[in-house]
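Think of it as A, B, C and D in the order they're written, each chain with its own count starting at 1.
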């Protein structure tokens, strides 16, 4: 049998596990690899292997050493009325999660927003960042690097253009710390999340800086980007798309949907999202932004690790006469509608459901529309959880639906 | 047709979208719901519908308004030699991701660790938290609540025990802020991640506090927990499992595998993970802990939003004569081997691959073993990315495998 | 001349500048040193030299290379009605500052508090910390150190007692980060601020840990204390005295004194102290706690660098029907009534003015009383600045009194 | 007696305590006020009253309700060789402190720096900030305010110019959080610290924004400035003067002066200033920057509360072959040589000692020179404490000199 031959070669080390796709087609490679792993571990993986996705794209662009696929259930929340500049309409939001009660929670928030006439959403800023880090001889050299960067923006942009026709360098900030210089490069990446693009362009720009200043590139990513680590810099300067969404709810609507009142929503936000987060030394002042972003990102083929930045959301509740104005400010949403996992079949359908699959016209329009919907969905999640907490319903939901959140 | 009848009722509002499962079996409910969404949006979702998972458990425990499933490709990294107290052996680590190069990256790190004889791993602390927030009349009342909590630990534990036989209250800390009191309850949740358990037990404990002190429960979760928001409190006091993993690499091994040297690994860590994160106002001092945790969590049916806490990892590189000692300290790993998404078929297979599916013996042993493997995998990811950055290979990997990380 | 002889020796290096006190009495040493500095720099310093304090204590305990004294004007704010457990009465608070309008601002706040019947104040926690940092061989060794510390509290306390009869070890927490272990020791230091005591006791305890575990003491202070750096750990666990003060103000009183209303105070606090600080990535959620603490500390002979920890204060304004409840929570007030600068004549008079000079009866009572008054003074400053901002008076005060604050 | 008459009026409330200067000359007013306070409290304050400063300026510009002055001993550290652009020479640094061992510590660091040929120092950025906070109707309105600010920089600058001929608006950044907008205005304030100037100019600019956008000014300072609270924004964007200082020390010099070696300095910095601060959730990665800044600021008539921002310093130690390069990066030094307490006699002498009293030529040169010297002094303090910790001398110094730091 062919299978046995490959297993033998994997076993004796003449074939590397990751090299199977070089010899056989993707489905076959995955089957052999899974069989090998089953044999090595004595664990059977039939369900992982019973996927229906076409793995040929995946193995070249999305994964290595593929052995199968996990199936994550997808529910919809909606309709959600969004009034953005790029997304204006009613949406059913796909959420992939295994945490019971989450879809129901977001769904309730969508209902409130839609009943209230929709959420206003605006993009405040748009730019993906990468911050290579350099070492220098001394602080004089470090300052010279800073001055070079700040005085040669156009040269840096030209270097970046050599690597990509889609992205564009729109900012460069140099931060000196002793002999260390971080250069935070910012790019307009259109419909792409853009990490790939900015890394490749960043390498070229970093090369120019090395060449012109004599600084030494220590790492192409120096954590001042900041990628997938919680960081104040992303809250202050933004990363990816910075989006704000807000909705006005009458006290009557709050009572009807959330079985509580506007004053209570404001108090929960005050003592939990503001004081509680402040006391925890937190960089996120919200209730469950991460829940919504994680579920939406997994459904839509985004990089799930970017939920970290999303967790830095600020939720505010303004108490007004007879109503409350609730808003979320999401400083760093890294998402895209092309590249990454967006080309996989099930994920692409989720993007299609939102009308934002593939490149937009003009370029960037789809990613921005997606960002607007995402922010509105985060708002829905916030409203719902604040409401549930205010009404004392959280534990009850946990008992009924078997999970815990926030 | 039956389908048409339901679509009609959904359309005219006589049937709620989420109520379908009350009338028909899960597969049918999902099909009708999907058809309704397709009709409403004009978007076809055939791939989302072609899942092979059994949805009956999912619709009762994991998701609402289910319309299908996304398929996330799973690759394996390994073998990874782990020397923990609960996990001692070689593992193939399942990673579900759509970000090309990630599995390859972790795989390379696994190779280095295994070649070095394995990663030592230890659990430093274990306890899931929930922090209800109370309002009081004035600061005198607030202090009285604090004193009640601190003086009645056994009564609080007894109240918690009324709700669960699995979990156990092991700590209670009261924090006063003006009239606000946060009570951070900590539970041993054995093999469960435990959010569900602590929320329900927390409600009972909160009720006791209200009754005995006259404080008013504002919200069952007051963000001092802190759940799914980056927060210093989790780094300092821990949340879930706190785990540390370390490995010693000779310079020769570093050169052979990473094409760089130990001094460079130390310098990358110094200027990127330490100085870079410090300058960014970050709570995470690592390279890509979130990438590894996200992929592992999605594969294994964990709550993906908990990648937020995982991103608060600390990576350290000690330069020694002829070698480097690299370690990761993960202060807050929220994971479990029972409950949540761990019962879904594909996810359960991933846990089985690690030998930790279901409840352990003694209780908690599986979750702890899982935590140890997770920390070792994070270490593998750190090693690999520090190595790639040090060797200047990051952008090359991006060009080859079409993605960006760190 | 004697002077010339010393100047000659200082000039030719046969006498060190700091060694003058070994040869001549303090006043003479100071005069010679000042003359030398004047000669070296060509700058005359007559005013620095025209102090009236007795320098003999200062040169042995408070300062080296003394050349004179700066005179910082002291104003009083009050009477301030404090209702604490250790300070119960009306106080005139001495504030040493060169920033015009500060005393007036605090004074106005005192007026409001006193008119409202006084501020309730309570100490929530009391313990000075020092955290030596150790290196270990690997993570197994690190965990062993942690376990030793946590399992031998009494032995550590006994070691501490060998160095002091005033202080007492009341807590020890070990934090592992890879091969690094920070041990946060906490002491009851009675009426002393206690840094001196905890450093000396800490050295002994650290020696015991080294001896018993084989860990290497890298530094007696490892920044997890955290001393004079802003740090979340101090907010969460406290350092020195943790104090909370609150007062209820009727809308009428707010209008009369602050020319604004309670709703405005609440809104200023919401948008400035809560949202503004959250957005700034701040660890301090207050208006001007540092101003008050700095002025009070300079007047009373405290270590002025401890204003850093004081700046981590949380100010809250609860809007209620017809009134507002305003509170400050000061998590880390490092102060004492014995030791440090408290023995200098002018500083001691300032402490006497508050009735807390020297050791209290029982020991610790004076420092606690001082902490209560300090928190009430911070509350006065917060009230006043929130009021001024709400009424739009800040810039006017600046124009009139020539300074800027907040 | 005149005194009795005033005491009587103060007692019966017909004369306000702060109004004394309107009726009698400053010295007399201070005497009467002090007598009144003595009478009210029964505490004698003779030493506070025996100042030699001329109070007439103080009572109009620096203090209200003056009753006397505290005398803070001043020592000198030096000579300190500074190689800056505005300060190039050797300096004796005046430090006002009551904490024994501090001057000695800084002095030792000065010795090392001077022996090494001096510290290089450069100013990286210069701009004082004030961030008024506005409320808006909804997120659409909020974004419109942001767009107005960013699109009308010149109009804002023109408004600012109406209030001052010394300062100049050099930047304006608008940050939206739901309905809240913070506008961070940045000014070149020349030789002044500038808080006064920016507050008054900020009011005018805020008025323009209100008028043109319909936003409501909630507070002239919205904590995004951020003034006297620790905040990441100041580390990232800077506030006041951002300064970096560095020095290269040979291993021989380190051994001679600090009785330790370069590798140890690097390790202390790694485990204390980097890992320790990271673990503490700190915004300051240094050993004792606050100590040095506090003492220098009190001596030189600066606003002592600004030590808070100074505590956000980053200290780095690069290990090199046979030497170490040690640097401090001080992101936010708020200081000036005109205004505030700089006009008081003793404080002015301290500035004169550094050659920076009064306005510079060109304007700003004195404040910048002062900032350079300050950064070099901070570097001296860091070197010395890292050295003492590395050599295990900290507790010994405490025992000898009776205090504790770091």
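Keep this in mind: a residue touches a chain if its C-beta (ideal position, glycine included) is under 8 Å from a C-beta of that chain, and two chains touch if they have at least 3 such contacts.
Only a predicted model underlies this, so the values are computations on that prediction, with no experimental measurement involved.
Chemist: Any idea what the CA-fit rotation angle from subunit A to subunit C is, to the nearest 5 degrees?
Modeler: Angle of the fitting rotation, subunit A to subunit C: 180 degrees.
Chemist: Between subunit B and subunit D, what's the gap in Å when you average each chain's C-alpha atoms?
Modeler: Here the centre of subunit D sits 43 Å away from the centre of subunit B.
Chemist: So the centre of each chain is just the mean of its C-alpha atoms; given that, what is the distance between subunit C and subunit D in Å?
Modeler: 16
Chemist: Report the inter-chain centroid distance for subunit B and subunit C in whole angstrom, where each centroid is the mean of the CA atoms.
Modeler: Between these chains, centre-to-centre, one finds 40 Å.
Chemist: Among the residues of subunit D, which ones contact at least 2 other chains?
Modeler: 135, 175, 177-178, 180, 232-233, 236, 275, 277-281, 283, 285, 314, 316
Chemist: Is the way these chains touch best called a line, a ring, a star, complete, or other?
Modeler: Its topology is that of a complete graph.
Chemist: If we count contacts the way the header does, which residues on subunit D are in touch with subunit A in the complex?
Modeler: Against subunit A, subunit D makes touches at 120-122, 124, 135, 138-140, 142-143, 146, 175-180, 232-233, 236-237, 244-246, 248, 281, 314-316, 318, 325, 327-329.
Chemist: Using the touch rule from the top, collect the residues of subunit D that touch subunit B in their complex.
Modeler: Subunit D residues touching subunit B: 232, 235-236, 270, 274-275, 277-281, 283, 285, 314, 316.
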